[in-house]
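Labels A, B, C and D are assigned to the chains in the order they are written; within every chain, residues are numbered from 1.
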Amino acid sequence: MSTIDATNLETWRAELRTWLDENAEHAPARTVLEPKTDEQVAHWRAWQARMADAGYVGITWPSEYGGRDGVPAQVVEVERELKARDLQGGFDFIGLDMIGPTILAHGSREQKERMIPPLLRADETWCQLLSEPGAGSDLASVSTRAKRQDDGSWLVNGQKVWTSFAQHAAFAILLARTDTEVAKHKGLTTFLVPLDLAGITIRPLRQITGDAEFNEVFLDDVVLTDDMRIGEPGEGWKVTLTMLGFERVAVGSGLHATQIGPLVRTVGARPEDREDARIRVRLGEVASQLLALEATSERVMEEIGEGRVPGPDAGLIKITSVLASLDACRLAVDVAGQEALREGEWSNQVSALPGVRSAGGTEEILRNLIGERVLGLPPEPRPAPATPKGR
Amino acid sequence: MYLALTDEQEFLIEAAAGALDRRPTVEAARAVLDGESAESLWPVAVEAGWSGLLTGEDADGAGLAPYDAMLVLEECGRRLADARLLGHLPACALLEAAGADAELRGARARGERRAALVDARLGERSTTLSVAVTEVRGTVRGVLDADGADVLVVVGQDTGGPVALVVEADAEGVKIALRAAYDGTRSLADVTFDGARGTRLELAAARVRDGADLQLVLLAAESVGAADGALAMTRDYAVDRIAFGRAIGSYQAIKHKLVEMLRRIENARSLVVAAGRAWDEDRDRFGLLANAARVQSISALDYTAPETIFVHGGVGATWEHDAMLFYRRGEASRRLCGGADTAADAVADALLATL
Amino acid sequence: MSTIDATNLETWRAELRTWLDENAEHAPARTVLEPKTDEQVAHWRAWQARMADAGYVGITWPSEYGGRDGVPAQVVEVERELKARDLQGGFDFIGLDMIGPTILAHGSREQKERMIPPLLRADETWCQLLSEPGAGSDLASVSTRAKRQDDGSWLVNGQKVWTSFAQHAAFAILLARTDTEVAKHKGLTTFLVPLDLAGITIRPLRQITGDAEFNEVFLDDVVLTDDMRIGEPGEGWKVTLTMLGFERVAVGSGLHATQIGPLVRTVGARPEDREDARIRVRLGEVASQLLALEATSERVMEEIGEGRVPGPDAGLIKITSVLASLDACRLAVDVAGQEALREGEWSNQVSALPGVRSAGGTEEILRNLIGERVLGLPPEPRPAPATPKGR
Amino acid sequence: MYLALTDEQEFLIEAAAGALDRRPTVEAARAVLDGESAESLWPVAVEAGWSGLLTGEDADGAGLAPYDAMLVLEECGRRLADARLLGHLPACALLEAAGADAELRGARARGERRAALVDARLGERSTTLSVAVTEVRGTVRGVLDADGADVLVVVGQDTGGPVALVVEADAEGVKIALRAAYDGTRSLADVTFDGARGTRLELAAARVRDGADLQLVLLAAESVGAADGALAMTRDYAVDRIAFGRAIGSYQAIKHKLVEMLRRIENARSLVVAAGRAWDEDRDRFGLLANAARVQSISALDYTAPETIFVHGGVGATWEHDAMLFYRRGEASRRLCGGADTAADAVADALLATL
């Protein structure tokens, strides 16, 4: 595939559409639900591999690692076309949207050659070992300890939580404390960790839905060779910030919000409700929020398509997504009745939403960030940074 | 807070707390969701004398007032305990008001049997109920505590206005279909009458309405308790949990949220109290205040339950955490008894009637 | 009037009712609006004098200063009876509810003898000189300066704002800085100031309604004799806290919230609206808030009636009062239409409410206070207290 | 924020800002309330070429799209300027779509005359309008900018569906009654037709609706501007104002509030943008998005305007402070064009029509 510019983007888009027409049957339908069965997971992974082989994932990544040297506008086109057809994109969005770009930014040549190609095809999928029981929003205070051994390797001990997709993953990016003598942001290092190493235990964490969307991961005397380190020792916070920046882009370009179609179908299921002034006005208000969410995502995608990096205000999308979805679920169940809570789409959303709010930064943290970075409001006075205790 | 209670009432609350604290009620709420069967709390209610709270002393009851029942329900709510009082007590209150047979009332007061209220006004959508003299037809959906009750106090419209009838649960033409519930503590059923026969209760139209209004205000009291329980849990977490070097409760975002929980809870509690007093002192305002209490209790729990999860962060959204159980309670309670709008509409109705 | 207890409260209440039946014609109607004309003010003051002469204001105050040595239950009864009849209470609620009790608590015998009797009859009314342009919520940072002169008198310079009723008042309670060398809460002193002293200028401050509900008060080289001081020098914050405590009681026992009656009349004015599901549900929700407000006030009044002092949670009433009134006004005007904004009750409330929110402590300050005092949440870390600069 | 604009659009915004900044528009909004007469901004609109924004170049217009008009309206809103474009531009757009006489369009494009839209769908309550061929009867209440317009584009229902007519403002049977307004910048009138005669415009039913939808989205754009202006003022105050030793903007309570303003404004702006694009690219969705934009713009200004006062504390509630003017703008705008519920209902209508 040759380099894309405005003149041949049109041709490329036509090819994409044709390809999608021909391959859509292999794609899972777009839904807010996580895949539940092994079969669903395998099906979705196969779809990512198919897209990768056709050059529709990792488009902007360097061709030497399996990418296509493409432009952001192409990524946006793929997303738009998939959305219009109600099809899923890649299975391993954590790898594709967050970790892959981070490896490309901070990894060694060897790491890129080893990790990126199987990541693209979902042959090996990824997860993040960041949050801990004692370090949620305040990620820089993680206490999982990686101690340098005499042979240059690292001995890791600690516990991580809220790890999505760990049960499917081959690798994880790990944030660990390697120096307890310096200020908390400065003593951190990141690693790329094969999850089959001795001493790693993955324990599913059931959510309100009853399913295990997250995991706890225990690291007991896990030995990491130094070539698993990404970035220099002490640069872990820098690498993490890079990754969180990519996460923001991912969040801004389309999120697991309630879809308007199912909402309208549920609310309008009974003819008498379609004429009920109270229900109509509520539907109009909630749907307007969801439409605003779509329209804002479009603006962010356009920005990404033009090669710019969305600012922290893209975090507003996350906030609206949760608030609007909560309103939408409330309305849908109010109209459909108690029974809708028992099973099906609305039951699942009602149960899943509270967890979504905390994932990837709480609303409070996002509001601080946006208030300070976008509106230029002064930060809160913070207590003097303490050196955290090691294990 | 600013509740003026008699010594007897203080004792009632203490006794309720004591009786309920001996049971793992919150754990049980989770166990049911995991498919286990939970211990029935009805024996607890019977032992504590709550089954006879609103029945006269002539029929082995305690002869107390709805105000006292609300205090018990608030304690139940705080612990997510459902002792089937929401169905039983309003039914007993109607039997009492109608001066029903002492043995009929007594068996229920002593807790040998349970009663349940089946009022079409509080039914879910697709409820249809018609009464012709003593014959009942139709289905009331989403009835609390009907399953396992032996006597149903059915309220519907006859040609002359609202009427109440006693229908035996095992009478011909009565079908009680238990439904699974999102909040596992509840007993929710669809009750169908296929020409079932009942006995009319002698009650004025305004008094027939009392049953549903009483159920609403008891549910409101229970929701106040649940919201208050969630707040207590959240408050403790906010004091203990450190982020960025400070207890999270020291941040205004969290602090003001907890105060908002408190504000809504206190508003709802004030109305529960006011409704309880109106029952004794100003019965004409009871319906208005009971429905307003229900509206505000929904507002309190709608806000408190999800925010409890949010303040707890990721851990609050796990199956193992109690926050989930309060959330399920809130989502389900909002849709009980005809849902949130039914009560708001009743408040408007009562106020517009004064014009 | 003899001392009241449970046994003769009933008799006393009967007398009160008879008196009100006979005297109601002299009372202004209860309204959320401030009196506008001089005539309205005079009428209301006369009503307070009439009530005072009959022993229905200052009931719990010592008889040696014109009170009746009564119990709080009587105060509550008077308020309930007035409310039931839709009649106003005393005109000078600032004097009766806040300043009078403060003088009784901290004033000298001479001050009490001089100030209290005319205060009771509204012969002399009162206002508060507390807030400043640079000290709103953070009252302890006032910079109005009172400098001790060689003859023992005080020379006062500064500017005060948000002074209600200054245009009618004979006296003010003044919070001023008398020591700039100590921590900010410790350098304050309070004074009882005749407003006709040389150097005092009162300038009305127009509000959104177009009326001047507040005033700015300028103090230029005002000389106060030392007998105008209330409390010791440096005890001004203590005296102020006493007064703010009484203010909380006043707020808790009934506030200028939207009344349910007018709301229902406006919303239900048209038969078709009375059947509109959307309007009915909104009315039910808003009215429930207002009913909750009434019910909570009742609980607080009962507490006062039993002689207890309401806790900081009484501040919740203030918050609900503003929020519920805003919702009520929004609904009323939505139903009545744009024209309702132009004049009349709703126009006035819509314009007056935003100012009410800031009066007597913003919502944010109240939430901090309640969160810390009632829920026991930890305070925010505050910057080290700075010694304010004097003039 | 993330708005991708062409150079021409950037220039349009700059020019609008330049033209409006030379007028004391905010001060004028207060002066009108004090009984003074304000300078008309219509000449500004004419000089800047806004009067002909949506008229074709064949009739001396600029031939631009609603998207461009929205950019201008946002700048107007930011400064509380009302140049009577809300009435004029939608009327011109209908004349343009119907291919009306070039001189009729040209006089308006050049700004020699003003047009106004009179659509019964956006009338206040008690609006009644009937059209029989070319005869118009009834009263439309709360019409923007009708006073001073020489041509009214009237939209109502004929037996065959929605129709648009051109009615001369001075035709027999037309009465335009100007009303005083809470927001002094507005021109609001009740327009009565007592059998007045007009000329039918040749427009498909869907295109007849465009006039009202365009007015709504222009009003939405204007509200976004007003909310954004209020936010800017509030943000500056929050940075400067010190309480308890810190800038108040450093407190989460204030900070999160300002972010909430921003969030609502950006949501509304996204929909304004989307509606603007839909006009050109996907006209079937224009109505849906225009009404959704209106709903979200109301949410933005409803929140931002009072909170602007609150953040400013006591001073924000004074006559001399600009916050009051934004508040009046918000309270009044919410009730314009049929009020908030009309737009929400239209959104629901468009969505339910897809079932």
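Before moving on, here are some points about what is shown:
Just so it is clear, a contact is a pair of C-beta atoms (placed from the backbone, for glycine too) under 8 Å apart; a residue touches a chain by one contact, two chains touch by 3 or more.
As the structure is a prediction and not an experimental result, all values here were calculated from the model.
Matching C-D against the pairs in A-D, A-B or B-C identifies A-B as its interface repeat (over half of contact pairs the same by residue number). Comparing the chain pairs B-C and A-B, the larger number of C-beta pairs in contact belongs to B-C. Averaging Cα coordinates per chain places chain A and chain C 53 Å apart. Spacing of chain A relative to chain B, judged by their CA centroids, is 41 angstrom.
Centre-to-centre, using mean CA coordinates, chain B is 49 Å away from chain D.
Across the assembly, chain B contributes 246, 251-254, 256, 341 as residues in contact with two or more other chains. Annotation for chain A: residues touching 2 or more other chains are 277-278, 281, 364, 367, 381, 383. Against chain A, in their complex, chain B makes its touches with residues 33, 124-125, 142, 179-182, 188, 242-246, 251, 253-254, 302, 306, 309-310, 313-320, 324, 327-328, 331-332, 334-336, 339-341. Note for the complex: chain B touches chain C at residues 1-4, 235, 238-239, 246-247, 249-252, 254-256, 258-260, 262-263, 266-268, 270-271, 273-274, 288-289, 291-292, 295-296, 299, 341, 343-349, 351-352, 354-355.
Those residues of chain A lying in contact with chain D across their complex are 260, 264-265, 268, 274, 277, 279-285, 287-289, 291-296, 298-300, 302-303, 306, 310-311, 313-314, 316, 319-320, 364, 367-368, 370-372, 374-381. Contacts from chain B toward chain D in the complex involve residues 251-253, 256.
Those residues of chain C lying in contact with chain A across their complex are 276-278, 281, 381, 383.
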